[in-house]
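Each of the two complexes below includes chain A, the first together with chain B, the second together with chain C.
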Partner chain A sequence: MANPKEAIKEKSMVIQKDMLAKQFHELSKAKELGKKVVYTFVPGNLTELILAFDMLPVYPEINALQSGMRKRSGSYIKDAEKIGFSEDVCTYVKCDIGMMLNGNVGPTGEKLPDPDLLLLSYTGCFTFMKWFENLERLYPGVEIAMLHTPYQEDGRITEEQISYMVKQLKEDVIPKMEKVSGKKLDYDRLSKMLENSVKAENLWVKILESAKNKPSPIDSYFAGVYYMGPLNTAFRGTDIAVEYYTELYNEIQERISQGLLPINPEGEIKEERFRLVIEGPPNWTNFREFWKIFYDMGAVIVASTYTKVGGLYDHGFRHEPDKPLESLSKYCMGCYTNLNLPQRIDLIEHYIKEYSADGFLINSIKSCNSFSAGQLLIMREIEQRCSIAVGFIESDLVDPRYFSYANIKNRLESYFQMLEQRKIIMQQEGVPV
Partner chain B sequence: MNKYYLGVDLGSTTSKAVIINEKDEIIGRGITNTRANYSVAADIARDEAIYNARFSVLKKKLEAEMRAKPEYNKYITDMESVFQYEQFKVRLDKLGDELVKTCNIFFKDEQQREDILNNLRNIRRAFKPKIKHDYLYNNLGAKNQFFRDIVSEKYNEEVNKLSMSLFESLMTVWDKSISPAENERVQFDFKELIHKAMDELKEKYRNLPETSAENTSVNFDAEMNLLEGNFDHVSESLRQHIDEIAELDFNITNMTGTGYGRALLPFPQECICSEILCHAFGAHAVFPDTRTVLDIGGQDTKAIQVDKYGLVTSFQMNDRCAAGCGRYLGYIADEMSISLNELGPMALQAEKEVNICSTCTVFAGAELRELTNLGEKRPDILGGLHKAIIMRAMSLLARSGGVYNEFTFTGGVARNPAVIKYLTQLVKENYGVNIKINIHTDSIFMGALGGAMFARRSLKADLPANKPIAEPEKK
Partner chain C sequence: MKQFNELLASCNETAFDLRFTKAKNWKLAEKNRLLVGFLPIYFPREIVCAVNGLAVGIMGAGDRKQIIKGDAFYQSYICHLPRGIIEMALDDNLNHFDGFVFPAICDCVRNLSGMFKILKKGKFQRYFDYPQNFDPSIGGIFYRTEMERMVNDMFNINGVKVTVEGLNKAIKLYNRNRKLIETIYDLRQEFPWRLSAVETYYILRAGLAIPVEEHNKVLEDVIEEISNERGEPMDNIRVVVSGSFCEQPPIGLIKSIEMSGCYIVDDDFMLGPRWIQGDVASDTDDPFGALTKAYLNQSTFSSAVYDVGNPKGKRLVELAKRRNADGVIFCAASFCDPALLDRPELQKECDAAGIPHINFQFHENTGQFKVIKEQAGTFSDSIKLWA
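Up next is the complex of A and B:
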């Protein structure tokens, strides 16, 4: 490695970078190309449906996290606060609004097009609704479609809920999309895309489950957020997404056969010392620093809940080409934040056991009630059920003011020492860990 | 040879050191105020712990005799106190040099310089005998025993007696001199110092009749009476033992550094351990059935859950807000112009607890003045403030998973009786009257104790490989 500062690039990364460059370039030319633009959110997104209409999706929270990673979010948030957004408002919203106030320039430096449709397909996060209300004010007259997504209060998706969702799709969402795009929905095309979705989803599950290997060939959180990108955003249902996941899967298989450990921006971990399960989104403003604390310690994230915001494929969900609207409905209701607390606890417990984790860590996000509410309860329950060392740190999505490196490092150091000494003392006491 | 283990807890407010033997028994404790030069603070705490350990060994050796002869006990207690005075004297001389140096740099005008130097000499002449008397007759009492606190109190007292026109110059000289004096490490020769202390003690008892006639603050007790008539004999029979412990080689086999400043300690990386683990391990060692530990330190509060091995299973920290930490109490004491140690006893006199709303340390100061204006009594306000601190600690405890039987309270704030009162009350109210609450006299040393215990077990806990370790500052 010539320069340790320079990130290592694998072929899959090059493909992904190229995909994103093309996506944002196309977005910047949307009006010239005569393409309609749909703003929508990642959880419960209807990407295949949008693409089946030849429209281009834009995901404001992805733009916000990109701004966070590019160190722009701080000033965007301040601009949003200047026009009256309170300190307590979700920082994704403020960052997005701030970006729009500053000309709506995307991560590649090209301007993002104005929306032709605001498509809200997941209402589990109440902030999303308020976010679009604000965007409607910024883009007066923009078309709006809202899909009310029932919460899994009883821990399951019922037939009634599916019919309710399908009805909304048929009677409200699809007609609006037809109106905006000027096209009729081509069900064959949608089904073809869903076939591609399934191919990528199958590969994705195999990729996630590769972390069950000891040592794990991947980091399911810090690298996982890159891996999940195409499937959770504008590429699900496309050929290029299938190509990406095929390449990624092959690379990981290669890593396993060579006994290589997870990749990180400075190379790869030399020794897997701790296997962790993480709950909560990462911090984006100091993503690299945050990640480094983990890989310097040989801590590998073997499973995370955040990588399930786009769906719980590892628990069996797949899009169904022969039942497109039903499966899109189930998809919307099945994203991680739409699960009730007992389901989330069960899922985490399952991960800890299936992935042989040494510890469970929560990164509690100031901005995100969807994730953060109930996390202390989750932590206590997991501690009792799994007799495992649990840790709790606090940061924010994209507000740099809430990332205290010293505090987080202090807590994480203590946490890793907890895990280390637990191993030593348990060994001395002859207790199997 | 006996093996000893050292734990140093470099906290934000105080630095503590503990030495244990192979049975995990504490044989030496040292504490000092944390200062800009962390390594000096750690050195002083460690040196003090070693001196203290020598006295412990001496007492252990003479256990049987001391039981039979109370005058032995009195002699050794007196000697420890005078020994501290001997150290103090050396530091005071260093401060004196520093004050003169500052004066020479700061005041260009010869007349003015001479004037200030003259006043400094008078101040020193006035307070030195007072401090000596306090040490010799154990009058320091509950006051803070750190060099900086003792000297600054006396210095201020003397400066306030002088003309106001001198105030600014004298305080400037002080401010510029105390830090360098305090941040310099002073090497002591234990044997030399203990002999000086013995001579000083001899002087004390020889002059005792005159001193007590002049000074009403000298209280005679039975032991002092016994020792007075018997001094030379006691001194001679103890001399050999004292020389032995002075020459004892304290072999520190392993050590662990912990606390906020741990990364700055000039310790090898594998000897650094998180204070969360150390507090839990220390508290668990003293009270093995402990399942929940609350540590209120100078600048943070920690609620820690431990298992039967003393291992931490989870923890919650308050590191965003000072309300509820030791510094909060320090701030309030300043606002009320009383010493930190007087806060708790005054709060215990409360007839009711005034409701304190401010969640912020600084704003609590304003609220305190407002409440005073409204005619609330100081003890009642302080009662409310202490209760408010514990309410915050209770919220942190709840976040960490609540209180399981038993509960151990550690950290410097555990010395405050009002804090203990409200904590006991609220823990019992919230988690049941049967919860066993442990508060040890060594509560402030729990982190250092846990560190020493980790050192004895030579548990290595690596930190990120590229973590820089600060070099000790050049003297």
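Up next is the complex of A and C:
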């Protein structure tokens, strides 16, 4: 009989692996299949809309992170630097440009098709706009649609902002999609997809909230980045995404009932020693090593801001099938990096309390001003508001030159020691931990 | 001449007065006056002027202030400008300001707006977004709403309502301001030795910290002075400097470029006040509409604006040709994503047009210019030799 633990571990992973393989295979055959290809970005993406036109989305950041995980990013970045990109700028952009300079071969080893449409929806990051201007020059003559997403400057989404976005969708983005795809937008089909989105989103929230359990059955960051993949990329709105999240949810329920702790590449954690909330994206070039430092120490990430770059479903947002364009607009504006700094601090505070965290850690990414500028103030505010142990490490998304294993390990070990001591002191003082 | 030197010295002092004494005195001289600080790059100052306010450019602390607290707010890989501004805010340099505007240029400035909110600096802190859609019925409405929000913020402080006449009057004043600045640039194009780039810099930057009427007077005096011969022509090449639109290069750097044999015939140091090309209509019943139209149709090229359909590389080349420049110096702040991500494309366009170029990066408080001087000197020599 199969080992039940392995069976539980495998099923959702197998589904996801299969989904990705099919996706990249389809992309490699896009031109033969007569499918149009849309390059777009992850945060605030319009996946349902793209799929409603039967077009295939490609997300340059995903390619960049995959290149990082496959240890290709270092040389791609250097190639981009050779053609004039500064060492100082976002490495996601350079990695993507470098990948294109090297034949645009995707994570499965198959070549990615050229775009038929560049759809720039630059939620929460100014650099996306620059990235797209560069892509536009790499693919001259390709149709371009721009969806400018206003920032939540005031800590809320206004009616004017929604109407600005809906107008852009109606008068610019959708007509261009219709032109490229040769199809009229089928609103019924879009609404059906949004219904599926809601199903997956409901499951996703339950999955995230399972980390409120003590011990947590999941790691909301290292495993979370895998879990969030289908919802944040090419599968939101599809049946297969609902199937994936149903399976994942069931697996987690099973883990809870068996009292199992989060899985990791080497098995599973034996004891939950620390519950952490993390701010910032992970490092991809040394992802496994990075993760291992945590699970070796029994540190579990119970909530993370990075898993909200594709939307804050746990704060109530859902796509609305009966108001498709309004809800797509709200979706774009609601992603984590589109929140203002006070909102981000409130959210982190909420996570620390709701998920009973022992510590708060920032992984500050050299590349990413959108995340990083202001993080030191976030850290100070959180320390004051939550009286919690805060930690700070620095790395990069995909530039291996900025991942110093020894340095990060040292810092984290000291941080975990501090957490340990705090626990002892709190126990001595009779504070429940 | 003596008088002119005094004028220059006064501009220098105003430009780098990080306590903004003149602006503060202006505010205190009358009840209901407002001071609104704005960061680089463009901001429609007319709307502040129209409600009895003064929009004051906060261009960073440069090399004039030691940064101690600011460094504790920013990681080493973030540009210098915001840390200097935080330092100023924490050191009370920005007291007396009623509110702050953070025009959309990058995520550092965007997030700085949130930091000001958290630190409770000013009565309002606005991230001022610009539409990237240039259709009047879409982006135009958005832009108008952004302006109206600001007007509302100011009304809540001093209770002054915008009138059509008031805003038209402000538009006229700033039209004049832009025209005078362009006249100076045109004169310098022909006679670059008459006013150095550093002097031009003092004069323009001072204009961000005094009322526009006063600045217009300064500009008129400058034009009068440089309409006559001044200084000695030198065997210099002519360059356009590009990429310093936000964090400002230290004066030593601008001097080094000049001293190494380059006349800077155009630049983007003070891009904000030169942003709108030509006049904004100043006699309409709808001055907000006029400002909106000007933003949508008359904006200069910039890293802050999505440029598809009107690529900035081509526009830089056009500028270099119009200014009869021999070369372009790309001079961007370290870690400045907007400037540095544009650079490869701008360089490519320069190459295609046969315009030589060099590039370097700086921090606003860089103190060493030897390498830059050498680089610019070699650039100048090679162009002379090649020409």
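We take it that the second predicted complex is superposed on the first by the 418 of 433 C-alpha atoms of A that agree within 3 Å, B and C clash if a C-alpha of one lies under 4 Å from a C-alpha of the other, contacts with A are read in each partner's own complex, and residues count from 1 in each chain.
Keep in mind that, in the parts below, a residue touches a chain if its C-beta (ideal position, glycine included) is under 8 Å from a C-beta of that chain, and two chains touch if they have at least 3 such contacts.
These numbers were taken from a predicted model, which means no experiment stands behind them.
Participant: Which holds for A:Met297: it touches chain B only (first), chain C only (second), both, or neither?
Facilitator: first
Participant: Report for A:Asp18: first if it touches chain B alone, second if chain C alone, otherwise both or neither.
Facilitator: Once the two structures are laid over each other on A, A:Asp18 reaches no partner at all.
Participant: Applying the document's definition of touch, where does A:Asp186 land relative to chain B and chain C: first, second, both, or neither?
Facilitator: Touch status of A:Asp186: no partner.
Participant: After the superposition on A, what does A:Glu133 contact: first (chain B), second (chain C), both or neither?
Facilitator: second
Participant: Contacts for A:Glu178 in the overlay, against chain B (first) and chain C (second): which applies, first, second, both or neither?
Facilitator: The answer is neither, since A:Glu178 touches no partner chain.
Participant: Which holds for A:Ser86: it touches chain B only (first), chain C only (second), both, or neither?
Facilitator: It touches chain C, and chain B stays clear.
Participant: For A:Asn340, decide between first (touching chain B), second (touching chain C), both and neither.
Facilitator: In the superposition, A:Asn340 contacts chain C only.
Participant: Could you tell me if A:Ala373 is touching chain B, chain C, both of them or neither one (first, second, both, neither)?
Facilitator: A:Ala373: touches chain C, not chain B.
Participant: Which chain, chain B or chain C, is in touch with more residues of chain A?
Facilitator: C
Participant: Which positions of chain A sit in both the chain B and the chain C interface?
Facilitator: 376
Participant: Which residues of chain A touch chain C in their complex?
Facilitator: Residues 83-86, 88-90, 93, 120, 125-127, 129-131, 133-134, 136-137, 144, 146, 148, 150-151, 153, 160, 164, 167-168, 171-172, 340-342, 344-345, 364, 366, 369-370, 372-377, 381, 394.
Participant: Could you please specify the touching residues of chain B with respect to chain A in the complex?
Facilitator: Answer in residue numbers: 260, 273-277, 305, 309-317, 319-320, 399, 401, 454, 459, 461-466.
Participant: Okay, in this complex, where on chain A does chain B touch?
Facilitator: Where chain A meets chain B, its residues are 293, 296-297, 376, 379-380, 383, 389-392, 404, 407, 410-411, 413-414, 416-418, 420-422, 424-426, 429.
Participant: Mind listing the chain C positions that touch chain A in their complex?
Facilitator: 72-75, 77-78, 82, 104-108, 110-115, 117-119, 126-127, 129, 131-133, 135, 137-139, 141-142, 145, 303, 306-308, 332, 334-338, 340-345, 347-348, 361
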